[in-house]
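As written, the chain order gives the labels A, B, C and D, with residue 1 at the start of each chain.
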Amino acid sequence: MPEKYWWLILVLPLLSAASVALVLRPFRAVSMGVSLLSAWVSFAVALWGFWSQAGSPESVRWMSVGGLSFQFGLVTDGLAKVMLLVVTGVGALIHLFSTGYMSEDPGKSRFFGCLSLFMFSMSGVVLSDNLAMTFVFWELVGVSSYLLIGFWFEKPSASAAANKAFIVNRIGDFGFMIGILTVWSLLGSLNYTQLQSFANDGRVAAVPAGLLTVAVLGLFCGAVGKSAQVPLHVWLPDAMEGPTPVSALIHAATMVAAGIYFLCRVFFLVELSPVALSVIAGIGGLTAIFAALIATQQDDIKRVLAYSTLSQLGYMVLAVGLGSPAAGMFHLTTHAFFKALLFLGAGSLIHAAHHEQNIWKMGGLGKKMPVTFVTFAIGTLALCGCPFLSGFYSKDAILIVAYETNRTLFWVALGTALLTSFYMTRLFVVSFLGEPRGDGAAHAHESPWAMTLPLVVLALLSIVGGYGSAITGALGLQGLPHTHPMAAVGGSVAVFVLGSLAGFLVYRGAKEEKITFKILKSKFYVDEIYEVCVVRASDAIAAVVGWMDTWIIGGVMVRGVALCASVTGQVFRIMQAGNVQVYAFWFALGVAVMLYWMMGR
Amino acid sequence: MIPTLDHYLVLSALVFCIGLAGVVMRRSLIVIYMSLELMLTASIIALAAFSRFNQSLDGQVLVFFIITVAAAEVAVGLAIIVALFRQRKTSHTDEIAWLKF
Amino acid sequence: MNTVATTLFLQKSQEPMQWWNLPEVWWIFVGILLLLLEMLRPRRNSASIAKASIFAFAVMLIASLGWPTGLETTFFGGAYQWDGLAIFFKRIFLIAGLATTWMMRKCEAQGIQGRDEFYILPWFAVAAMGFVSSVGDFVTGFVSIELLTVCSYIMVAFYRSDRFSLEAGAKYLVIGALSTAFLVFGITILFGTGGSLRFDQLANSLASGHQDPAVTMGVVLVLVGVGFKLAAAPFHWWAPDVYHGAPTPVSAFLAVASKAAAVVFLLRLLIGPFAPLWTQCQQVLLALAGASLLVGNLGALSQRDVKRVMGYSSVSHAGFILLGISAGSQPAMLSVCYYLLAYTLATLLVFGVICGMIDKTGGSLMRQFNGLAQSRPGVAWLMTIGMLSLAGIPPLSGFFGKWFIFASVWQEGMYVMVFLAGFTAVASLFYYLAIVRHMFFEKPADGRAISSGLSFGYQLLLVVLAVATVAVGLVPGAVQRAIYALIFNL
Amino acid sequence: MMQEYFAALVQVAAAAVVAGGALAASVILGKIGARSKAKDTPYECGLNPEGNSNPRFSVKFYLIAMLFILFDIEIVFLYPWAVVYADMVKESWVIFGSMALFQLILAVGFVYEFKKGALDWSR
C-alpha cells in the first residue's frame, strides 16, 4: 500500500521533534542529525509522491461532536503536492543551511527540535483534508513559530516579538474559528471533498449570500493573521528577531504562505461570494503597495526583506481575490525559492559581518563573498521581475490577471513592482558595492559550504522555477492567463528597468540615506498607533479594553481607551475591596437583581 | 384569630430580611455570623409551617438536618473567628482585608 | 480478607448492589479509620497518616474501575441514584482527592506538624461529593453539600498561624453561610410549592405550576447556592481571595473537586426537578455564564499573583462550563464532561507545580517564578503545559474542551455567546502567557536560582498529570466515546 | 401607559417615606429633652456602672460549650427515632441497627476529642 507512505511526511518530523525534546537534547550533534535526516527523508517522500501520482491514504476516525464525526485524513491533490514540495524542499535546504549557521549556538538541540515541530505542523496544514484538522495544525504552526521567534529569549525584544506574533495571530484565528463554525452550521460538513461537491451541486449557492460572505471572510481572517496582511501585519517585521534561517523558512517561504495556500484550498467557496472576493483583492493590493513603500526606507537588511515579503504576500492575496488562485500559487512557489534565497543570503552576510544587520555599515561585501554575491544578485533580479527569471513569469501572471479584470488594482500592482525594483536595487547596491563602512564588513569572509550549497541550489531554482510547467500543470487550479497583453508585459519590463536604474543611480557610492520620508521610515506609525491603543502589553488590561474599543466603538477614541482601562481597573478594585461584608453586599445585590429580572418577566 | 400559612411565611420573610440586613450592616464578624444563623432560622420557620399545612413530614425532617448542620457550621465558624481574633486582635470586617484585588 | 477484596473490587455482575458496598460508605469508613489510627497510634509521625491516606485513595481509584457500569438503580428510597453520570464524577473526585492529598504531603514544612487531620479531611469531603453526585432528593443534597462546605472551611483555614489562610477561611465562611441561607430558603420555597423534597415527585408537581412566581424564586435561590459553589459571577467574590489565601492544595481542591460537585449537582437538578422549568433555568445560566466569562477573564488580567490569577481563571472556566450546560443538548452535556476532565487535569497540574515550588520561590507572585525555566526547566515545561491547556491551545485537552463547547453552543444557535466566549478566550491568553513569560523570559530578580529538587513520587504525580493532559487532547474522540458510553449507559 | 408604572411609583414613594421617616423620627425624637452625661449612661437612675460592660471569659468556656452543643444537638434525631421505635422494631431490626451505627460514629468523635485533650480543663 504505497499510499501509506504519505503518513511518513507527518510522522517523521513529529518523531524527530519528540525524540529531541524528550531524549536527545543533551546530545547536540545527534539531535541535529536526526532533525536533518527527517527533513530530507520527508522531502524524498514528497518527491516520490509527486512523480508517482500516489493517491490519498485511507482516513482514520478522529472524533465526533453532536452527531458529526471527523475523519483524520490526508488530501493529496495537485495543489497539496506542489505546496508539499515547496515546504519540504525549502525546509530541507534550510535545515542544511542551519547546520552551518547555528553551529556554535548552545541551544542547537532546541532549535532543531522546534524546527522539526514546525515541519510537522506545516506539512499537517498542507495535508489536512478538513477544516477542523487544518485549524489544529494552523494553531500548532503558530506555536512553533512562537517558540522559534523567541528562540533567543534572553533578548527582551525577541520575547516581546514572539508574544506579539502569537497574540496577533490568535486574533486572526478567532475569526478563522468563527468562519469554520459558520461553514459547519451552513453546510454540515468540514471535509474539503464534501464541501467541494456541495459547491458543485449548487448546495452552497443555495445558502444566503450574506451568511456565506460571513463564513468566507471569517476564514479569510485566519489567512490575514497568518499571511500578515493589513491590518494584522504588525507581527511579521518584528518576527525578524528570530534566527535568520527561521526567517527564511517560516516568515518568508512557508508559514506566511499558508494563508494563500488555504485560500486556494477553499477557493471553491471563496469564489461564490463576490463581496468577499473584492475585500480580499482590496486587502491584498493595499498590503502590497503599503509594505513596498515602507521597504524603501528601512535600514536593517532583514526588515527590508520582511516588508518585501509582506508586499509579495499582498500580491498573492490580490491574485486570489481577482479570481486566479493558480497565479497566486505560482507566485507563491517562485517567491518561496527566491525569498528563501535572499534571506539565506542575508543570513550569510550577517554571519560573515559578525551579526551586523544595518546595510549602511556593510558595503563592499561583493568582492569578499563571491558565491553569496552572485546568488544574492540572482535572487534580487528574480524578485524585481527581470525577464527570463522565475519572478518575471509569476509576477506577470498576476499583472495580466489584474489588467484583464480590474484596472485600478493593475496600476497598484504595477506601482508595487516599480517600488520593488527600486528598494531591492538599493539594498543590493548599498550592501554589496562600494567600500566597507564598518568593522564587521571589513573583516568578512565567505561562509562554509553547508551555507553556500543551499544558496546555489536555490539560485538555480530561482532561475528555472518560472519554466516549471510541471508545477503549474500539477496545480489543477483555474485562472492562469493564456493571453499576454502587451500593456501588461511591457509595463512590467518597463518598471523593472526604471526602478532598478533609479535605485542604482541614487544609491551608487552612497554612504548614507539620500531620500528621507519620515512617515515611511516609521512605517506609517502603525506600530505607534497599535502601541497607543493596543499593545502596551505590560498593562494587559489596557490592551484588552483597547481591543474592545477598537472593535466595538470603531477605534477612534484613543483617549477613551486609556480612560476605559483605568475605569475597569478602578471598578474591579472597588468591588473586590477585600472586605467580606462588601462581598456579602454584592452577593445579595446579585441575588436581588437576578430575582427581579427573572420574576419581572 | 387562627394563624394561617401566610402569617408564618410573612414572619419567615421578615426574619430572613432582618438577618440579611444584619449581614450587610453590622461590622463585627460575630454579629454577622449570628445574622446568618437568623437567616437559616427563617427557613426553619417556613419549613415547619409548610410541613404543618401540607400534611407532610419531609419538611420537618429537613428542619432537623438544618439545625444539626447549622450547629456544626457554627462550631467551625466560631473556631475560625476566634483564631482570627487572637491573631489580629480585631473582628471588624473592614480591618480583615489584607487579601484584595 | 477474601471477602473484603471481593466487596471492594465489585465484580461487573448484574446482581443487585447492596447499600453497604456503595463507594461513599467505604470512603467514610476509611476516613473514620484514619482518624482512629491518628489518635490511637503511639508515636507522632506525620508521614504514616499521609502515606496511608494517599495509598487508600490510590486503592479506591483502582477499585473504581470495578464499579458496575450500565446499571441504573436507586438506594435509600430514591435518595441515592447510581448511574453513569455519578460514576464519571465520582472518579473525578477520586482523582482530585488523590492529587490533593499528595500535594498536602508536600506542605508539611509549612507548620502543620502533628495535625494530621489535614490528610483525613479530604476523605469526608470526597465522600460528601460522592453523595452529591448521586443525589436524589433535597435533604441528601443539602446535607452532603454542607458536609463538603464545612470540610472546606476547615481546610481553607488550616494554616492557623498564617494570616492569609485564616482570613481566607473567614471570608469563605461568611459568604458560604450566606449562600447556604439562600439555598435553604430556595429549597423551602420549592417544598412549599411542590409539596415534596424528592426530585422525581418535585418534577411532576412543578411541571403543572411553573407559571407561579414563587417557583421561579425558589429556582433562582437554589441556583444562587449552586453558583456560589461553582464560583460563578456574580457569586464569585470569595474565589480570588480564598484561592489566594488558602493552602495551595486546598485551592486546588476547591478549584477542581468543589466545582465539579457543583456541576454535577446542577446537572442532577436540571435533569430532575428543574426539567419542566428549563427555559427559566436557561436564562439564569446564560446570565451567570456571560458574567463569569467577563469578570473572570478581565479580572485576571491585572493580577500579579499566580494563585489569584488561578482564582479568576476558575471563575472564567465556570463560565465556560455554564455556557455548555445552558446549551442543554445531549452533545452539550458530553462536552461539559469532557471540558471538566480537561480542566481538572490541567488545574491540578498547575496547582501541583505551584505547591511544589512555593517554598522554594518564597511565594506565588508571578515575579517569584522568574527564570524558573533556566533553573528547573522540567517543572517550567510542566507548568507551561498546564497553562496552555487552560488557555485552550491545541493539541492539548483544553483546546478540545473549548472547541466542543463552542460547537455545541453554536449548534443551538446562540451565536452571541460564542462570540463573547471566543473573545474572552483570546483575552485569557494574556494572563496565561504572562506566567509563561515570567518563567521563560525574565531574569530572577535577586539572581538566585531556584534549586533543590522535588521527590521522585511528586515528580511522578506531575508528569502523570501532564501526560494525561496531553493524552486526553491527542485522542479526543476516544475519550469522548468513553464518556458517552459511560454516561448514557451504552 | 401610566398605570403600568403606578406600582413602581407607589414603591418609590413607600421607600422614600420609610427612609425619610426613620431619619426624621430619630432627629425629632432624639431632641426631646435636654441631653446630659447622666442621660447617656445605661441606667439613668441607679448605681454607676463599674468595669467593662463585657468582661472577657476564658476561651475554655467557649470550647466546652461548643463541644456540648455539638453532641447535644444530635438528640434531635433521637426523639423522633424513639417515638416510632416501638412500632418499627417489630418489622425489622434495621431501625435499631442504623441508630447504633450513628451512635458509634458519634462515639468515635467523642473519643477523638477526648484523646486530643479538648476536655482537659487544666491544659
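We adopt the following convention: a contact is a pair of C-beta atoms (placed from the backbone, for glycine too) under 8 Å apart; a residue touches a chain by one contact, two chains touch by 3 or more.
Just so you know, these numbers come straight off a predicted model, no measurement behind them.
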{"item": "Central chain of the complex, centres being mean CA coordinates", "value": "C"}
{"item": "Which of A-C and C-D has more C-beta pairs touching across its chains", "value": "A-C"}
{"item": "Rounded Å distance, chain A centre to chain C centre (Cα mean)", "value": "41"}
{"item": "Rounded Å distance between chain C and chain D, as computed from the means of their C-alpha atoms", "value": "33"}
{"item": "Chain centre separation in whole Å, for chain D relative to chain B (CA means)", "value": "8"}
{"item": "Between chain B and chain A, distance of the C-alpha-averaged centres to the nearest whole Å", "value": "63"}
{"item": "Sequence positions of chain A contacting 2 or more other chains", "value": "572, 575-576, 578, 580-581, 584, 588"}
{"item": "Shared interface positions of chain B, touching two or more other chains", "value": "23, 29, 32, 72, 96, 98-101"}
{"item": "Of all residues in chain D, the ones touching two or more other chains", "value": "none"}
{"item": "Graph class of chain-chain contacts, one of line, ring, star, complete, other", "value": "other"}
{"item": "Chain D to chain B touching residues, read off their complex", "value": "59, 62, 66-67, 69-70, 73-74, 76-77, 80"}
{"item": "Chain D residues touching chain C - in the complex, by the definition given at the top", "value": "105, 108, 111-112, 115-116"}
{"item": "Residues of chain B that touch chain D when the two form their complex", "value": "64, 67-68, 71-72, 74-75, 78-79, 82"}
{"item": "Touching residues (chain side chain C, partner chain B) in the complex", "value": "138-139, 142-143, 146, 149-150, 153-154, 157, 160-161, 163-164, 166-171, 173-174, 177-178, 180-181, 184-185, 187-189, 191-192, 195-198, 240-241, 244-245"}
{"item": "Chain B residues touching chain A - in the complex, by the definition given at the top", "value": "20, 23-24, 27, 29, 32, 93-94, 96-101"}
